[in-house]
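If you scroll down you'll find the structure; I have some questions about it.
All chains are identified by letter, namely A, B and C, in their written order; residue positions are counted from 1 within each chain.
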Amino acid sequence: MTDGGSTVPDGGSESGNESATPSGESAVPDGEPLLSVDGVHSYYGDSHILEGVDLEVHEGEVVALIGRNGVGKTTTLRSILQLTPPREGSVTFRGEELVGLDTHEVAQRGVGWVPEERRIFAQLSVAENVRAAVPESEDVDAGLERAFDRFPDLRERRAADAGDLSGGQQQMLAVARGLVGGNDLLLVDEPSEGLAPMIVDAVAEALADAAREATILLVEQNLPLALDLADRFYVVDHGTVVDTGDADAVDADSERLRRYLSA
Amino acid sequence: MSTLATLPTLLFLDTLFEFLRPSTLAGVAVEGLSLAALYVMITAGLSLIFGLMGVLNFAHGAVTMLGAYLGGLVTVLLVGGATGDPVRFLAFFVATLVAFGALAALGGGMEIALVRPIYDRPPLYQILLTFGVTLILEELARIVLLFYGIQPISDWQDALATRPAVLGEGLGVAGVAVDGLELFQILFGILTVVGVWAFLTRTRYGLYVRAGSEDDEMLAALGVDVRQVFTVVFALGTGVAGAAGVLLAWDPSWAASVPLAAETLLPAFVVVIVGGLGTFRGTVAAALLVGVTDAIMKWWFQNYVEFTGLPEITVFLVLVIMLIVRPQGLYGVSEVGGH
Amino acid sequence: MSGADTGQPSDRTQTTEEILADDGTPWYSQYLRDHRVHVLTVLLLAAYPPVYAALAGSPVSGEAIALLPEVQTMVAVLYFGLFAMSFDFISGYTGYLSFGHAAFYGTGAYLTVLIANGKLVTTLPVVGTVLTPQTPFMLSLVLAGLAGAVLALLIGSVSFRLSGVYFAMITLGFSQVLYVFVRNWDFVSDAPRDGVAVTGRTTGFEIGVPAVDGLNVAVGVLLGDSVSLFGGAVELSATEVSFYAIGAVVLVSYLAMQRVVHSPFGRVMIAIRENEERARAIGYDTYRYKLGAFAISGFFAGVAGSLFAAFRQSVTPENGFYFLVAGDALLASIIGGFGTLVGPLYGRLFEESVQEFLSKSGSGGGLLPWLEANVPSSVLQAELFNGLTVAEAIDTFLNGHAELYVGVMFVLFVLYVPNGLLGTVRDRAGGTLAKAGIPALRRWFR
């Protein structure tokens, strides 16, 4: 494995972090991470998908997870959300262990999900899609209004069936839904998938906007987009993290990344 | 030769003209609507449960049957021979509330104790489980009925006798002769449809049910305790089935009896599948389709062909044809056989 | 099925390719390997009538009769067990739940009775008059099977376009159509609702080699042959003879189905159950395989129906075509174990034993007669509440209400023993009884 050779600021490194991650030149911020994933192993049936994933995300960051198809990026997000509960390892959010909780309990603690393929409720209206995300304790209408303030385009189409929206609009809706309820951590999965380049730009803007309010862990195959939005990145291969670094220290076509990313 | 050919044709045309007369059509239409109303009521709960949880609740028919007996019990207790019609209607109202409440409680308990543990298993096991529950419920009903000296297989006449006189009469409405009972059933069907629709579109829980029917994983990721929603929907679904049973206890062609469980279960399955997985709209449309077709077939098989068993087949033929022509049902959105 | 326990035997950990791979064992070696367990089981079953008779005449006769099913019930276990096995053949091995399976059973039964009543006499060119009441039963049996197979092909051709719940529902729909039809069709009898009975026969239906007199036995409780063997040393009643004759047919059928299950065809069936898309991607025309499997299961279901009609001499729409008949097969399969082929037979045995145990006296004995005979009457007459005595409580809640406990058992099995009795035993032993059972027993005894 290549190694920059420079020293690593001790900052957020957890003791006992025995993964194969080389110490890249990443400036991991100081202090306790918002989210910490340690030694997570997850399975689909008997398929061992995640073979020990370690990463951390600090408040205010945008961290990208990059890697080929099928290496376990989506599964990592699902494991954080307890949709695919890890069999081994731990996931801590604000110091609290998430493994063992129900998905809705994880979500209620401030973790939002913008999943692959968006998964908006096609038969519900735009407004209803957002409504479903507003926590019971909050005023539904206020929550709606705030979401529409952030994404005025959606306000115009509030009564339309969500299934009738274009891909880009659906993506905006998914992001809006993820932010509602004051979520502090947003798990975003392949937001640019299936969208035309111009729309991708709009989505990128929306995400950059969202990054001002929430911490983002972003899974993205579109490298330039990922590196543009992110502060730091982790490269995932074969179910574990194999590299990490600062996003601006790397080019999308650099040798370092290409070995893990060419199909 | 030509005479031999014309005779059947003449008979057919004659019957057709009879059928197309306004009074016949109106009568068949009303009967069709009343059947549709009954089908909506016995299916609504099943449809909600199937759409949200993917569980085909085999115990649904047994629940309807229990509702019929429970409701019948209430009316029998409250109504005497000389009781006037208005009081009888009131008794019916009380019976419906009691049946709804009791069966909703049963459904909720069933869901928590029996269905939850097997969420993650293939759908087969949920079908098997609810099938087992049906056996238990039906046999328990038989035990209790026999203990009190009521014949389980035959229609419960005492309950039928509590019906208001006006429902047994033919009424003239706009020149058409209709059954009072049919109008009553149509009324109840409309109330049920409106009630369920209002629940689905106007309440938070209804929103969760609609969203969860599409994607319950996503709903959980939005912070909603989907398991609780499941329980509530299961309870509601069985409650509605129980209330439907009360209505059936007053209809001589159904009536409270243990076989009522199977008699309502099979058409309910048909309506759910013909309507399309997970849509209430589909259930209503399918109930109308099946109800009206049933009424039309009944008329033709009473007045034209002598095969008395065929109206019962109608419901299944509709199912088979629909599954061949359009497997996802009238309004279904999911993939075929996706469950 | 990510993360889900499929509840099936050890096949679930294999990929589709592994399932399809031939382990190179020739089929006769397979039989020899399974032979030991098969022989043991057959011996145990064959010994049942004499053992039951012996126990019934012994000092523990009361207990024996109460606990053990009588031979007549065992005959029903055999032919319904065959039906349940045919159900498992399709539902347990391909994963396609055949809720309408009763259609084939009822068809086989009705066909047998109609032939015997002379309703299906036809005159064909060349061969002349066929399907007279004198048709040998063995021929009726085969025809019943073929009818089941053909019906399965027809129903399957439409139904296999769907899967899962939809397949189950459409087959249920077809079978209910047949149920209503047969219930109202006056061709079958004057009172079709009451079913059909065999009329005009003075001897039972004969199982064996049709032309050879000595190799034929008639079955049926009243019309069957009783047999005297070894110069009078062994006397078998008509019911016992029926047990052996029907048992022989069931055994042969089972061996045939087993042969298929352990063949390349059977491996494709399992591959379809585990991951049909993958099997299709590899290149198998799964539709054809499903149809073939369905036809085979329909054949044996028809055979089972025919045996049923031969023994009982009558069929009704309720015990032939009603969907609950398939429900009973389902019950037997869940108790015995899906995907084990023979499991459902054990499941039916278990269920019938419980039923008989809880039924009123005179039908093979039961709990109450035994209690009446053995528990002091002071206990039986003790009041529980409201004037209800213990005896009355037992009568109300137990006698004749076996369905309730079967239902409870069913629910418990689904929740806690999803692989059924045999399935769980196989899981614990690590393989089919043939492969792993004998070594496991050895270990246990060491």
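As a convention for this text, a contact is a pair of C-beta atoms (placed from the backbone, for glycine too) under 8 Å apart; a residue touches a chain by one contact, two chains touch by 3 or more.
These numbers were taken from a predicted model, which means no experiment stands behind them.
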Distance-maximising chain from chain A - centres being C-alpha averages: C
Top-ranked pair of chains - ranking by C-beta pairs in contact: B-C
Where chain B and chain C are represented by their mean Cα positions, the distance between them in whole Å: 34
Distance between chain centroids, defined by C-alpha means - chain A, chain C (Å): 55
Whole-Å gap separating chain A and chain B, where each centre is the average of the chain's CA atoms: 46
Two or more partner chains touched - positions in chain C: 1, 3-4
Touch list for chain C against partner chain B, complex: 1, 3-7, 97, 158-159, 161-170, 172-174, 176-177, 180-181, 183-185, 323-324, 327, 330, 334, 396-397, 401, 403-404, 406-408, 410-411, 414-415, 418
List of chain B residues in touch with chain A within their complex: 204, 207-208, 210-211, 214-215, 217-227, 279, 333
Sites on chain A touched by chain B in the complex: 81, 83, 102-104, 107-108, 112-113, 115, 119, 121-124, 128-129, 131-133, 135-136, 140, 177, 181
Residue ranges of chain B in contact with chain C within the complex: 56, 114, 117-118, 120-125, 127-129, 131-136, 138-140, 142-143, 146-147, 262, 266, 269-270, 273, 307-310, 312-313, 316-317, 319-320, 323-324, 327, 336-339
